[in-house]
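Structure in structure tokens, see below.
Chains here go by letter, A, B and C, matching the order in which they are written, and residues are numbered from 1 within each.
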Amino acid sequence: MSESTVDVLPELKQIVGALLFAAREPLSIKRMRKAMIETGTGFGGPYEQYAKATDQQIEGAIEALQEDMNNAKLGLGVAKVADAYRLQNDAACGPFVRALLEKNQTMRLSKPALETLAIVAYRQPCLRSEIEEVRGVSVDAVLRKLIDMQLVRVVRRSELPGRPWLFGTTQKFLEHFGINRIEDLPGSGELMRALPVDEKKKDTTDTFPELEKELGNETADAEQDADESTAALDEELQKEEIKDEG
Amino acid sequence: MELIKDDYKVMLEVFEGPLDLLLYLIKKDEVDIYDIPIGRITDQYMEYLQLMKVLDLNIAGDFLVMSATLMLIKSRMLLPVEERKEMDEEDEEDPRWDLVRQLVEYKKFKDAADHLEDLELHMENVFARESEHVELGAPPEVDLRDASIFDLISSLNEALGRVQEEDLQEIFAEEYTVGQKVTYIIENLKVAKRLSISDIFTGMVSRQEIVCTFLAVLELIKLNRIAAVQDDHFGEIVVEPREPEKTEIESPEEALVVEGELL
Amino acid sequence: MSESTVDVLPELKQIVGALLFAAREPLSIKRMRKAMIETGTGFGGPYEQYAKATDQQIEGAIEALQEDMNNAKLGLGVAKVADAYRLQNDAACGPFVRALLEKNQTMRLSKPALETLAIVAYRQPCLRSEIEEVRGVSVDAVLRKLIDMQLVRVVRRSELPGRPWLFGTTQKFLEHFGINRIEDLPGSGELMRALPVDEKKKDTTDTFPELEKELGNETADAEQDADESTAALDEELQKEEIKDEG
């Protein structure tokens, strides 16, 4: 690792702020901890203390950062989305940001797209036929569009005859709508299916190798994912055609 | 002074120019840049240039232009002030003055470049949002760290200076090759981890052997197998193995054969 | 323009913070003012006040933001580069950010490149022959590399015989070294040439159409610039060859 030109050791809060600022996507506590372990062990000496930061300490630093940012009224703050954190500008400043980025036309989803997305979100993992049952129309085109937009993806095959694919929402879906987790959606208790136990959140006391492995899985290529999902949808529709012809 | 018969070329890029060599010599001898002992510095300059030619370093023609300039200044300095005035009516300046001005100015820009280097180092730790650092391509191939090529040549010069004059006669024995010396250095570094250049030359009495050894050092630097490190200015140069890189370099003998075929 | 869902009007400082956060490159005060004018006139009503913000008010807001960020120790701050502003992380947190972004090996410029760059920076606009005079060696290859990296560009032709090209540093040069303006470099008083009067900074009291036009010029395509600069260098060298042969 290259040498450091740094004299003053930063506080955990400052590190968290810098990491969130430089990151290109929301950061989980795990990823922040991984960066701290790598820097701590890589630089050694007084840096070793950072390698020992716990999830709780990092979470505390995030909370302190969040509070300090809010109090200082800087036009930005820390938000929690998809169980990860990101910096974002205050909504009140949004019109100015849109003017700057010349994004006056925000990408808005159509009503059918939103309805389909809502069904997938609450009922995931769910079959295409289930969505069509609820909406009463074919969702082929709209589902394809949502997959293209990386808001929906295939999760796995179901155990039903013909092993049809099951669909779910993506990380991008959570980011786009600024949702931390599906459970935070209104009425989710009522609309959601009970999740199987193994899909529930695990507690986080991982070692570094475990951390690395998990993060490796996390950063699966989203684009490839979209291609796979489109292929799965194609397969579904082909099966149907054959059935219709037969 | 033909010390090696084959036209073995290291082709190590000499980044430094003639002005760097002059500044190096001025600093090494701790002389006043505004009152350069032109005779002494010119002799040293020619000595280094000669060594660079012997080593077949890829030197630019600018080095030769500078040697001509130095010779001219030296010859004009030998003239009494009165005659100088007669020869050149409108210019009664010290003949060294143009060169001094050039050196002083160059030194200022070298300092400015050092400042930019510090800024660059600082900015390595600074990221703007979604911005990328300027992509600067591959890192420099040669790891000379703080030692300049002139420091290396200086150590060769010293080693050659220690050799007895009479040993000069046995040059054509052709007992040593660069390939041999490459292996020798690598084997020694496996044990010692760090070797000073003068230690490497210890016990060598033939100029041909010293030059071959020196070329082997240059070749290993060029192949990224070793780095030349200098802890203080004009301090002893130490070579050490470079940290193992992902791309394994083939055995040095093989690499040398591919490039030189003569070894 | 789309309607706003905003109740509380943000302070200028918050807007500036949000704009700097969302921008992908350093922002000039002009660009911030443009976003404020567009939003102010587009939304109307209480937003109209923003359209009237002066450069001085915006600068004051930036300074307040800068101070508040420093005091809150968030790991990031406002920096002025190339006469524009950007958010950047504190250098002390750099090692952690590099670990996060997996950028442990940063490339550095070689000594000859740094020297050439220093001469171009202080002496700009300057001729290739002037650089060679100072360095005492040919700078053809290194100048070409610096142009490729978009750190150096051609400025214009000189009035000298043969009308050789003049070179200067780019915005990217300032950004790479984190310099606000060339005058901030040490020893610039001594090493720099006096600038002709017409190249000095103008005062800023432009109207909106003037603003738009100026900003349009600012965003000239840097890549095309590099191609032009390389072509100019080629032309120089060709001229030299012809001279040498003749």
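Brief remarks on what is shown
Convention: contacts are C-beta pairs under 8 Å (C-beta built on N, C-alpha and C of every residue); 3 or more make two chains touch, one makes a residue touch a chain.
Quantities reported herein were computed from a predicted structural model and do not represent experimental measurements.
Here the chain at the heart of the structure, going by C-alpha means, is C.
Of the two interfaces, B-C and A-B, the higher number of touching C-beta pairs belongs to B-C. Between subunit B and subunit C, the centres computed from C-alpha atoms are 37 Å apart. Look at where the CA atoms of subunit A average out and do the same for subunit B: the two points lie 56 Å apart. Across the assembly, subunit B contributes 121-122, 124-125, 127, 129-130 as residues in contact with two or more other chains.
In subunit C, the positions touching at least two other chains are 21, 23, 87, 89, 91-95, 97-98, 101, 105-106.
Across the interface of their complex, subunit B is touched by residues 2, 4-6, 18, 21-22, 24 of subunit A.
Within the complex formed with subunit B, the residues of subunit C that make contact are 21, 23-26, 79, 86-89, 91-95, 97-98, 101, 103, 105-112, 114-115, 117-119, 121-122, 133-138, 145, 149-151, 172, 175-179, 185-187, 190-191. Partner subunit A is touched in their complex by these residues of subunit C: 1-2, 4-11, 13-19, 21-23, 27, 31-32, 34-36, 38-39, 42-43, 47, 50, 65, 68-69, 71-76, 87, 89-101, 104-106. Contacts from subunit B toward subunit A in the complex involve residues 121-122, 124-125, 127, 129-130.
Across the complex, subunit C is touched by residues 15-19, 60, 62, 66, 102, 105-106, 108-117, 119-131, 133-140 of subunit B.
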